[in-house]
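Contents: one structure, followed by commentary.
So that you can tell them apart, the chains are marked A, B, C, D and E in the order they are listed, and the count of residues begins at 1 in each.
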Amino acid sequence: MLVNCVVYQNGKKLADIPKEDIHLYLNEPDCFVWLALRDPLPHELNDLQREFGLHELAVEDAHHGHQRPKLEEYGDSLFAVMHTIEVVGNGLRVGEVDVFVGKNYVLSVRSGSEQGFANVRSRCEREPHLLRQGAGFVLYALMDAVVDHYFPAIDALEDELEVVEKGIFSGTPARENIEALYAIKQKLMVLKHAAGPLHEAAGKLYGGRVPEICAGTQEYFRDVYDHLFRINQSIDSLRDMVTTAISVNLSLISLQENETTKRLAAYAALVAVPTMIAGIYGMNFKLMPELQWAFGYPLAVVVMVAIDVYLFFRFRRAEWL
Amino acid sequence: MLVNCVVYQNGKKLADIPKEDIHLYLNEPDCFVWLALRDPLPHELNDLQREFGLHELAVEDAHHGHQRPKLEEYGDSLFAVMHTIEVVGNGLRVGEVDVFVGKNYVLSVRSGSEQGFANVRSRCEREPHLLRQGAGFVLYALMDAVVDHYFPAIDALEDELEVVEKGIFSGTPARENIEALYAIKQKLMVLKHAAGPLHEAAGKLYGGRVPEICAGTQEYFRDVYDHLFRINQSIDSLRDMVTTAISVNLSLISLQENETTKRLAAYAALVAVPTMIAGIYGMNFKLMPELQWAFGYPLAVVVMVAIDVYLFFRFRRAEWL
Amino acid sequence: MLVNCVVYQNGKKLADIPKEDIHLYLNEPDCFVWLALRDPLPHELNDLQREFGLHELAVEDAHHGHQRPKLEEYGDSLFAVMHTIEVVGNGLRVGEVDVFVGKNYVLSVRSGSEQGFANVRSRCEREPHLLRQGAGFVLYALMDAVVDHYFPAIDALEDELEVVEKGIFSGTPARENIEALYAIKQKLMVLKHAAGPLHEAAGKLYGGRVPEICAGTQEYFRDVYDHLFRINQSIDSLRDMVTTAISVNLSLISLQENETTKRLAAYAALVAVPTMIAGIYGMNFKLMPELQWAFGYPLAVVVMVAIDVYLFFRFRRAEWL
Amino acid sequence: MLVNCVVYQNGKKLADIPKEDIHLYLNEPDCFVWLALRDPLPHELNDLQREFGLHELAVEDAHHGHQRPKLEEYGDSLFAVMHTIEVVGNGLRVGEVDVFVGKNYVLSVRSGSEQGFANVRSRCEREPHLLRQGAGFVLYALMDAVVDHYFPAIDALEDELEVVEKGIFSGTPARENIEALYAIKQKLMVLKHAAGPLHEAAGKLYGGRVPEICAGTQEYFRDVYDHLFRINQSIDSLRDMVTTAISVNLSLISLQENETTKRLAAYAALVAVPTMIAGIYGMNFKLMPELQWAFGYPLAVVVMVAIDVYLFFRFRRAEWL
Amino acid sequence: MLVNCVVYQNGKKLADIPKEDIHLYLNEPDCFVWLALRDPLPHELNDLQREFGLHELAVEDAHHGHQRPKLEEYGDSLFAVMHTIEVVGNGLRVGEVDVFVGKNYVLSVRSGSEQGFANVRSRCEREPHLLRQGAGFVLYALMDAVVDHYFPAIDALEDELEVVEKGIFSGTPARENIEALYAIKQKLMVLKHAAGPLHEAAGKLYGGRVPEICAGTQEYFRDVYDHLFRINQSIDSLRDMVTTAISVNLSLISLQENETTKRLAAYAALVAVPTMIAGIYGMNFKLMPELQWAFGYPLAVVVMVAIDVYLFFRFRRAEWL
């Protein structure tokens, strides 16, 4: 589905144009076309492939989707795959944006994501002095928008972890904690899958040899690179904390088992000792003087109770009960 | 076994030739011979060694097989060892491809792998403008084909892990989970063994000093390098998840033990308390008024049952049962 | 809230000026204005944005607060976000300092921190030959002051860890140890969040391409960089020790469980054996000669006690009791 | 003990010479002496020190032995310490080779190792065009021979690990597995101690600034460097697997404990329930009608057996027995 | 306390001089003063600060002591902080050496360490051709002496670990093992604290931009750097082994618990079964023929014993006892 198709010259919007008129503008000086597609049908992509001379392999990747994030150069043009991350309820929704960038065109193909790029476009149009730098700047703007959505995802995971941490020490069932921690870890892996390769890709867009399209916007990509660096660092910190939290939780499980064992043993003692006494007075010796006492029976019961009361308080003092 | 032997000039296929005619073409300009062998007999390799002047050490490695992936320069020629990975049922089948590359020849020796390179050859022949770059491009095409097969292997392992993860939290026996996780870890190590050294080897084929044969195809090798980078990153992520899953599984085992202990203790209590009461009324005191009651016995039984019912519900409420 | 606003020329303080007079000095040669704000209201920042031409994005970050530490270049000016760390009782209080630096101004915005920068200013004023280097030197002085407060935080954590370590081996309840260790780990993560990105940021301010404002003070930033390097190394060492301490604690818990089990078993034996003997003499066989003995009963009791005494000492010797 | 002492010119062996004649050849052009010592006496080394002008510190190290692998430059000469590794039965035998290399001499001192270097010498002599490159090439040949022996050591450890892995899942006693895994880990550390520093040392012998003696053989040292890179990578992979195997083994121990507990509890139940029933019919109530029944006793026994049979099958079904 | 104060010219000792005469020599060509202090009083340092123009911050650090190892440049002069490590009994004694180095002076301040530098001085004096290189060489000599003492510390820790490793598998109480392992880990952290930052500091003294004082002695500092590299690598290896040993120990604890549980269960069975039989014959059924048998009682006892003997051997065979 074509979302929109606009032609820009010298950083200013010239016109919304129908797809069919694209070729009219491709050879204009300082001019580029910016198309946005969403979940496109095969033939839509194929038409544009012919129009812009997109590389076959890149188009194939865009058709298939489910690519790992990457940045590939095909001659003068670039093909970028990015993962969009949205926090949806308790989970992360991963979408994909494939961006084809050439000297005079930018084509973004979005799939599986609610997050549109209308605001990226309007922000770009508000800053014609930047947009004048051409298609490379649009790539930056898109990448920046994608990366900016990683931060709230990390913040959400940090909050989630904080809740679990509190739960660990305040008695939330250990199983719940483990499941929550593992879920956080899985989401961190999703984030890492998105941010890790993109970090590496962004590193190719500033300093050293840089694709010509991005040469004028290097400093912007350095900025994105820095953001991704911080994001990856946060992910690593979180992973470390999750690992620690899991092992702390395990310690607490063992501890709890220890306490369970003690408590059970205490209760067992409270039952076993009277049983032993009862057993003794159940013996059939002919001569057991106590058995003849008038108060033998109540006395035996009193002794049993007394011993249990004594044991109970001792166990309580030792914090077994 | 000779699979095929073709001579190319300026990127176009000249002819299928018998092995004996190779020497006729070796000094033609812009011409190279591409041979594919499969599980060759020693004398086959030795013949070709003389023909192309292959380095003794490299040929020895190819004879022996079971080499770690590597890339070695012998004067102007290259010798590459790569591991092919195929997903076969529940496992990974590892094969080996040894590639000798010189100015005017490419010799690939394949063993232990079902995966042929016929499609690599036909793809190359469809793109004569690329194949014109010579033997270095063929090395790239082979390497690319090998590496492309690593992705499905990783995807398969990711799927496998997902299944185990679900099993962990939904009650699959812990032993099965452990065995599955360890098996995944082992396969990851197989993949790492294939992809790790190859990543390092690919790094020698672009940027900085590059073997002359590959000088014109540097950008392609950079592409392979990037793929391997992403593959290695995925392997590391997966290893990390497997480690976490193992420790989560351990936590769950401990937890289960905890629960087993509690349940056992509860049942023990249900038996121990009546036993104690029975013990008491088994004492032989002369004066135990209850013993004389008409309803003494049924009462005692009722008390036993009542206590057990009470305990049962308390345990149930405390989730011990 | 404006803390103070001073104009400097050639490294010497010219005058405390009201905010309204700033524009009078901005074009003076070798002159710069140094403003300190604390928890500013939105309009205060907006006024200054207009005055100094601060970049919109940077001002927005300062409005929002809760930024990760970073250093961003906007044209000729710099925007730095740093976390201040104060040891407060048993915890760490994290504040934020945002610094805008341009050729002729330094604007520091402090929030959530008790720690002021009055001493930074007075130290700078005592060293006019350094302050002459301009706004870049002030950035250094602020950064240095922030980083210097990280050291006592690390020392405090090292002390805390030492206390816990002693506790682990001298019988502090394991749960307390775990909670303490996890708290240390959390504080280390807070420190890492402050020091890690700042380390990376400081690395941009010396060697290689350096923002012009900081060109003359590179060596100072190298010093800050070194401090941060040592801080990060200490954090990593501490994290490693905490991890080890957690796993040692787990071992000790398991060990304790082992000992608990043994002790319980020993006590159980002391009860079970007399119970068995009593059971035997409770049997109703017609012919049990012992039952007729005059000293049968006391003998049985003596045997019970004797066995228990024997067991008791055996258990004690085996260190089960 | 002097193993041999040969003088080479232009890559060809001139003569076996006695130690006393060395000085006759030291100033010949394109000429170098290659001595091999084994477990030398102090005076032997001291004689040679004077002859070749070896550095005092290096000679001291060779006297003492038990050095960590390293490469040191003393003016124009090099001093290398390498660890030889041999697989001997179930263990690794570590020897040491110290090599002094100067413009016109190579002196290798071997200790604690069965593995000689006669084959290195004969291989060198078969390739005079390589040996012509002088003493640096001999250093390479020795280093290459040492490193080549690391591969079988790694293979042996991989095989050992595989055996243990199978044992873990097929019921080898856990203690045996742990001991075996720890032994593998220790051997890996021995290997790492040998290969790690040598890897770093080899890195100094190619690219960048290279000692003059090795300048002509850089590419060879790059080869050794690559081998060591692969070896170190394999060591790291193995260490990772061993760590995982240990934690998997721990999980299985916990699991086994879990199963033991269940089985014990089941057997305990099979005894406790009849005991309870017996207790009930051991009560002394006057009115217990069952006691008067002719078939009361056999009935009670039948009930006991019936309950036990029922329990037995239930436990079996739940896989507790 | 002033240990000594000597003036050198052209690498040769001129004279022992009193502190008051230092200024007489400071402007002599090729001349430098080497002072050694030990636990100096504040005024001693202050005097020298004026004499040599030491930087205030460096002097302050020296006053306070307890600095992390570091190397700081103040203009043309250097300030180095190093930790000395001595193996004292079962522990490590950490001292501190602060070294101020300028063009014409070296001032070393030692505290908390028994290890003097008299032998460094005498070694330097024996090698005037080296000492001629000036104050930078003295810094090297001191650093080298400090670093050389790290090796025996590592060796001691390796030996300690070996003892514990043997203990783990041969039955030393697990608690002792854990404490010993943790103590080793703590000492490794002390070593790492000393060697880690120093490694980084040494890296600034060779290659790239080097402080002028050390320019002529770069190669020596590279040597120290290499030593520190090996030391840090050994520390990391040891830390890894300690971590593994801790987890192996935990496995063995779990295993032992498993065995304890089994043994207890076996003994419990030996008591429980006779108790059950006794219970059965303690029932009060009117018609229990066995009770009337003349040999009923002995038979019952024989049955009990027989079952216990049978169980005992079965348990023994299953290695539960």
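Keep in mind that, in the parts below, a residue touches a chain if its C-beta (ideal position, glycine included) is under 8 Å from a C-beta of that chain, and two chains touch if they have at least 3 such contacts.
Quick caveat, the model's predicted, so the values are computed rather than measured.
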| task | Tell me which chains count as touching both chain A and chain D. | result | B
| At the place where copies chain A and chain B touch, is the share of residue numbers found on both sides over half (same) or under half (different)? | different
| remark: Per the C-alpha fit, the turn needed to bring chain C onto chain D (nearest 5 degrees) is 145
| note | chain D and chain E have mean C-alpha positions lying a whole-number Å distance apart equal to 24
| note | Averaging C-alpha coordinates per chain, one finds the centres of chain A and chain E separated by a number of Å equal to 39
| task | Two or more other chains in contact with one residue: find those residues in chain D. | result | 247, 250, 254, 257, 261, 268, 272, 275, 279, 282-284, 288
| field | Chain order around the ring, beginning at chain A and proceeding next to chain C | value | A, C, E, D, B
| request: Quick one: which bits of chain E touch chain D in the complex? Just the residue numbers, please. | output: 165, 168-169, 219, 223, 226, 229-230, 233-234, 237, 240-241, 244-245, 247-248, 250-252, 254-255, 257-258, 261-262, 265, 268-269, 272-273, 275-276, 279-280, 282-288
| query | Considering the complex alone, what residue numbers of chain D touch chain E? | reply | 68, 70, 72-73, 174-175, 178-179, 181-182, 185-186, 189, 192-193, 196-197, 200, 239, 242-243, 246-247, 249-250, 253-254, 256-257, 260-261, 264, 267-268, 271-272, 274-275, 278-279, 281-284, 288, 290-297, 300-301, 304
